[in-house]
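Alright, structures below, take your time with them.
Consider the two complexes below, in which chain A is the common component and chain B and chain C are the respective partners.
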Partner chain A sequence: MSLFKTRLFWIALGIVVIASTLPLYVSGYILGLLTVAYYFGVFAMSWDLLFGFAGEVNFGPTFLIGVGAYTAGIINHEYGLSVYLCIFIGAMASVIAGFVLALPALRVRGPYFGLTTLVAVLMLQNFIVVFADLTGGEIGLTIPDVITINASANYWIALGFMSISAAVLYGLSQSPLGLVLQASGQDPVQAGALGFNIVKHKLFAFIVSAFFSGLAGAMLVFYFGTASVGTVVDVAVGVQVIVAAVLGGRRTVLGAALGAIFLIVAGEFLRPTGELATFIVSAVALLVVLFFPGGFLGAAMSREARS
Partner chain B sequence: MLALQILIDGFAISALYALGATGFTLIFGVSGVLNLSHGAIMVLAAVAAWAASSILHVNNYIGATIGVATALVASLITYFAVVQPIQRSRRIPNEEKEIFVLTGTLLWGIMIQELIAYFFTNNAKTVLPIVEGVVEILGVRTPQNEIFTALVCCLVIALLWLLVNRTRMGKAVLAASMNPRGVTLLGLELTNIYVVVWAIYGILAGIAGVLLGMFLGVSSYSVGPLTASAFSIVVLGGLGSVSGSLIAAFVVGYLETLTAYLVSPAYRTIPALLLLVAVMYIRPQGLLGRR
Partner chain C sequence: MDATSNFAPVLEVRGLTKRFGGLTAVKNLSLELRAGEIFGLIGPNGSGKSTAMKSIMGIERPTTGDVVFQGENIAGLPAHKIARKGFGMVFQHSRPLNRQTVLENIMVALLPDSLLMLFADKALTERAEWIAERVGLAAVMHRKPPTLPFADLRRMELAKAIARDPKVVLVDEPFAGLTLAEVGIFSELISSFRDEGRAVLLVDHNVKSVAALVDRVLAMYLGEEICTGRADEVMRNETVRRVYLGGAIETSARPETSFADKVPLLQVENVSVFYGKAQALDNVSIHVHQGEFVSVVGLNGAGKTTLFNAISGFLPYTGEIVRGGESLRGVSPAKIARHGLVQCPESRELFGEMSVRENLDLGGHHLSDEARPKQIEWLFELFPILRERQGQMAQTLSGGEQQMLAIGRALMMQPKILILDEPTLGLAPVILEQLSKALEKLRQTSDITVLLGEQNVTFALPHADRVYVLEHARIVWEGDPGRFAAEAGEGYL
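After this line comes the complex of A and B, so read on.
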C-alpha cells in the first residue's frame, strides 16, 4: 500500500507513539490539559472537512457538538444507560441534527449558510436555558457516570480517539470522494456539469462532520462529568474551533488538530499573564492569519514543496 | 397604558438597533465585508465615553464626543490593519478572502474586548446621560434620556440618508456598492471610497455605542450579543440593503420588547431568532435583499 510509503504517515505515527508515552513522565495536570486539547482537535478537524473541502463556512460547529454532548448527558442523567450507549446515541442525535440543519441550509450560499448555522447555535443555547429542568440551564448538567477517573486512561482514550478520527477524516479527504468535495467547494457549477451530485456530497460531508463532532462532544462531556453551555455550546467555543482550524492550516485536516492543541496549550502557558492571555492568543492568531494564511501546516508544506 | 409603554420603549430600542446595524450593512453593501468586530467597536466607544466622563471628569458632551472619536479611530484601524491586508494579500485565494476577513475581524474584536476587560474590568458601565429627568407622555413615565436616544438615532439616520443620496461623495459610495469596477473606470479611487465608508461606519457605531452606554449600559460581555444582533438584523433585512435593515431593526426591537413585557424578559431574544430562521428558509435573501 502506498500509504506506508508516504512520509506524512510515518511522521504522524511517530508523533502518536511519542504522545502515547507521555503519561509515563508528565503530571496528571498536563495530561488533563492535553485530553481536552485532543477532543478539541477532533472538533477542529471535523470543521475543516466542511470548510476546507466542501467550502462551506459552518459558524455553528458547537451546534453539532452541543447536540451530541447534551443528548448523551441527558440520557445518562435521566435514564442511566451505560456510558458507551449514551455516547453512541449522542453521536447519532448529532448526525440527525446535522441532517436537519444541512438540508435547508445547503440551499443558501456563503454568508447566509454561515448565519443559518450561527442561528442554530443561538437557538440551542436558548433552548438549553429555557428547558432548564431537563438540561440544567445555565448552571450546567451534572452527569452521574464518567468514562473513567484514571487520568492516564482518559488521556489514552482521547489520543486514540483523535488518531482514529484523524485517520478517517484525512483518508476521506484524500479519497476520490474528498476530491469531488473539493471540486464542488471551489467550483460548484463545473463540478455539477461533470455529473457529480453536489448537494449529496456536501450533505455527506456535513453528516460525517456532525458524527465526529457529536461523538467528541459526548466523550468530552463524560470526561468533564458535566455539560454546560460555556464548554460545549457557546459561540465563543465555536470561534475557538474555527480559529484552531484556520491557525493550523485549512484544507489539511491534520493541521486543524495541531492548531487546537496549540490554542489550548498556549492559553494555559499564558495563564500567568492573567486577563491578557486571550488577548495574546488572539493577537498571535491574527498575525498568523495575516502573514501565514496557510497556517502552521500550510507554511511547513509549502516550504517542503519549494525545497 | 401598557400598549403605549411598549410602543415608546420599543421605539427607543429599535432606533438604537437601527443605528447600530446601518453602519454594518453599509460596509457590507459597499465592500462586501462582514465586520465581526462591530460589537467590540460599539462597546469601545461606550467605555471611552464612560472613562472620559467618570475618570477624567470632563463635560458629558465632550465625553460622548471622545467616545465617538475613539470608535472612528478603531474603525479606521480595523480597515487598514486587518481588512485591507487580507483583501490585498496574494497568498489568500480570492474565494477564501471572505472567511479570512471574518476570522480576522473576529480576532481583532476579541483583542479589543480583552483590552477593555484588562484596563477597565468586566463590570457593566453606564455612561452619564447627557439629558436627565423623566417626563410623562400620556401617563407613561419616560426617561428623557430615552427620548433623546430615539431622537438622535432618527436624526443621524436622516443625515446619513442625505449624505448618501444628496452629496457627490455619497453618490460615489452608492455607485461603488452597485459596480466597483465601473467606479474605478470613472477615475475614482476605490480605496478612498472604502476609507470614507469605514469612517462613516466608525461614527455610526460610535454614536450607537455611546447611546447604548447611556441607555442600557455596556460591559465587555456585551460584545458578542451586539455583533450577533447586528448580524441577524442585517440578514433579516437583506444583506447590504440599508432600508431593509431599518425595517428589520424595528421588527426585532418591537418583537423583543413585546416578548419582554408580555411573556417574560428571559425569552426576550427567542421570537426574533425564530423569525430569522423562518426568513432564512422561506426568503433567504432577507426582506429587501438582492440575490
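After this line comes the complex of A and C, so read on.
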C-alpha cells in the first residue's frame, strides 16, 4: 500500500511536469481546451469527496460552482474589486451557501439529500434569470477584468490550481479524517456507535467541497470573461461533473480529474461529428459505469490491490 | 452469587420504553449491569431485545425511561456521545472499509471525533496493532477485509468495539454465522472482556446458545421482561418454557404413510447456500408430500428463510430442488410462483398504499373473471376480518390483519404448495389463535400442501404432520410433532 502510494505520487508528479511543458509546443486552442478541463477536474474532485467518501450524492455541484462564479463576477462587475479579492469572496460565498444548504439537507436521509441539492440548483438558476439587472440574466454577465490574457499563463494557473487542489483533496481523503468520513458514508450507524458525529463530518466534507467548487468556479469566469447559466449553473453542467467523477473512479479523487479531462477533450475532438459528439461521449460514459463501475482509476487500483 | 454482585452497577436501565408509532417494541424494561459481568438479553424474534440494545446505545431514541451510566442519565443522547462515554457495540452486520487494511479499520475506531486529525501518530498504530493481536488478527492485520474469512471479519468487529477500552460492551448475536469451533473461540474472547472488568451485554435468541457464557439472563417476550436470573433458572422458568415450547402441545399428525404419492411432491436434496463467506444452508434435505403439512422449526438465523428463498428461486444454491419430478433449477421465481409454489414471506411485502381488496385482486390477477370472486368469497370465509377491511389501506391494518392479508394474497394465487415464513412474527397470542384456526380450517377443507417455517413451536406443532428442526444451517432432527418436546425441545430453549 505504501509502495503504491509513493508510486502514485511519482506518476502524478510526472504527469504534472509533462503537462506543464505543453505550452512550449501545442497550439493556443489546445491550451484553452485543457485550461477549462483542469477547472472541471477540480469540480469533479470536489464532488468525489462528497460522493466517494461521505457517501452523499450531491446532484447540485453547480449550485456551489455557480454561487462562487456569480458572486465573484457580480462583485467585480459592480464594485470593481481586484480579481483575486473577488475570487476569494466567491469561494467564501460558496462555503456559506454550502453550509446553509447542507445543514438542513443532511438531516434528511437517502435520496432526499440529493433532491434538496437538485432543487437548490434550480432555485439559483431561477434567481439569476429573475434578477437579470444584477446577474445579466439569460444573456450572461460580462466581467470587466480577467486574470491574464496570456494563454500560457492561464494554462499554468489552471494546472497549478488543479495540482494543489488534487494534493489537498487527495491528502485529506487519505488522512484519518478521510477514513472517518469514509466510515460515516459506508455505515453511518456503526460510525456513530464508534463515537463519530456523522453530521459534523459530512458537513465538513460539504464545506471543503463547496470551497474548492466555488474557488474553481470563480477562477473559471475570470478566465472566460463572462458568467452564464449555461457554463456554470445549468443542471447539464452538473451532470457532466458527476459523469466525470464516476467515469474516473469513485473514491479515488484523482480519477475524477482524469475523467473530467477525458470528457472535455473527447467532447472537443468529436466536435466535427456535430450533435453526435455528446451522444458518443455519453455512450462511453454509460458503458464504463455499467461494466467498470470502479471507473478508470478504480479498475487500475483494484488490479493493484489484487497483485 | 459471586463477588461481582458486590459492586454498584455500571449501567442501570430503568423503565425503558420504545414506541414506533402505535407499536410498543420495548415496554418498561429495567435491568442492571455490573462491571465484570456478562448479561444476556434473550427473546424470540420480534421480542424487542435488539431495539432495547439500540435504545441503550442511542441508535434509537428511547420514548421514555432512564439509562444511567455511572450515575449519569444518558437516555436520549446521540450514539456518538454515548460511545465516547465508554460504550462499544459489536454489530452483527457491518460494512468494513474494503480498500483499507484490517489495521486501518481498527485504527478508525481509535480516532478522536475531531476535524483536526490529519495525521495518525505512532502511538495510535501501536495501539491498533496491540488490539489486532488481542483478538487474534495478528497474522492478517495488513490484509484487506474482502480477502478474509467470515470469522476474521467478526473478530475485526470485536476489535473495533473494544478499541477505545469501553466500560460497557454490547454484542448483537455474537455467534451468528459461526461454526461450532469458532463459537468456542469467540466465547473465550467475550469472557476475556469480563475478566478485564468490562460489563458485557449479549443479545441472542435463546438461552441455550449463551448459557455457558452468561452470568445472568433476562428473558423478553413481546417487549416485556418475563424473568431474570441465572441461565439454568431462566431455562426452568414456566413462562419461558411456554414462550419457547408452548404448554401442553396437542398434535394431530397424520402418519407419513397415509400420503398416497410414492415420490414426494417437493424434494429438497443436499442444498447448500452461501452469502459471501457465511454458509446459510449446509446440505439440507427435506421432502413434502402432496397434501401434507410440514413445519420447519428453527431459531432466527438458523436458515429457514434462506431455505424458502432457495425453493422459490430467489437464491443460487448447490444441490437439487425437485417439484413433481421436475428440477426447479434455472426456473424464474415468477414462473415458480405462477405454477402454484407460492411463498408468503416473513416480511409480508404488502402493497402498503393499496387497499386490502386491491392487494387481494393482485394476488388473483391471473384468475378468470368467474373464478376470482369465488376465490375471494372463499377467502373471506377463512379470514372474515378482511371482508370488513376491504377498502382500507393495507399499511393501516394491525400487525395481525396484515399477516392475514399476506396469507390471503398468497392464497388468491390458488397455490398447490404454500410456503409460510414466520407468520407469527411479532404478533400477540390472541392473533396467533385466530391464525391457528384459519390454518386448521385450511388443512381440513382443502388439499393444499403447506410448508411452514416457525420459531414459535406452539404455533408450528399443532397442525404439522411432520417437523424438521433447522439449527446452524443444518437439519438436526426430523420426526412427528408428538416426539418433538421429548427429543428436540430441550435444545430449543
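Please note the rule applied: the second predicted complex is superposed on the first by the 301 of 307 C-alpha atoms of A that agree within 3 Å, B and C clash if a C-alpha of one lies under 4 Å from a C-alpha of the other, contacts with A are read in each partner's own complex, and residues count from 1 in each chain.
We take it that a residue touches a chain if its C-beta (ideal position, glycine included) is under 8 Å from a C-beta of that chain, and two chains touch if they have at least 3 such contacts.
Keep in mind it's a predicted model, so treat the numbers as computed, not measured.
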| item | value |
| --- | --- |
| Clash or fit, chain B versus chain C on superposed chain A | clash |
| Partner chain(s) touched by A:Q186 [first = chain B, second = chain C, both, neither] | both |
| Partner chain in contact with A:F204 - chain B first, chain C second, else both or neither | second |
| First (chain B), second (chain C), both or neither touched by A:S175 | second |
| Greater residue coverage of chain A in the superposed arrangement, chain B or chain C | B |
| Touched partner set for A:A283, first chain B, second chain C, both or neither | first |
| A:G195 touches, of chain B and chain C: first, second, both or neither? | second |
| First (chain B), second (chain C), both or neither touched by A:E275 | first |
| Shared contact residues on chain A - chain B and chain C | 186 |
| Touching residues on chain A, where the partner in the complex is chain B | 51, 55, 57, 104-105, 107-108, 110-112, 114-116, 118-119, 122-123, 126, 129-130, 186, 235-236, 239, 242-243, 246, 250, 275-276, 278-279, 282-283, 285-286, 289-290, 293-294 |
| Residues of chain B touching chain A in the complex | 34, 82, 85-86, 89, 91-92, 95-96, 98-100, 102-104, 106-108, 110-111, 114-115, 117-118, 224, 228, 231-232, 235, 239, 266-267, 269-270, 273-274, 276-277, 280-281, 284-285 |
| Residues of chain C defined as touching chain A within the complex | 57-59, 78-80, 83-84, 87-89, 91, 94-95, 97, 99-101, 104, 107-109, 111, 113, 115, 117-120, 144, 160, 163-164 |
| Chain A to chain C touching residues, read off their complex | 1, 171-172, 175-177, 179-180, 182-183, 186-187, 189-190, 192-198, 200-201, 204, 251, 301, 305 |
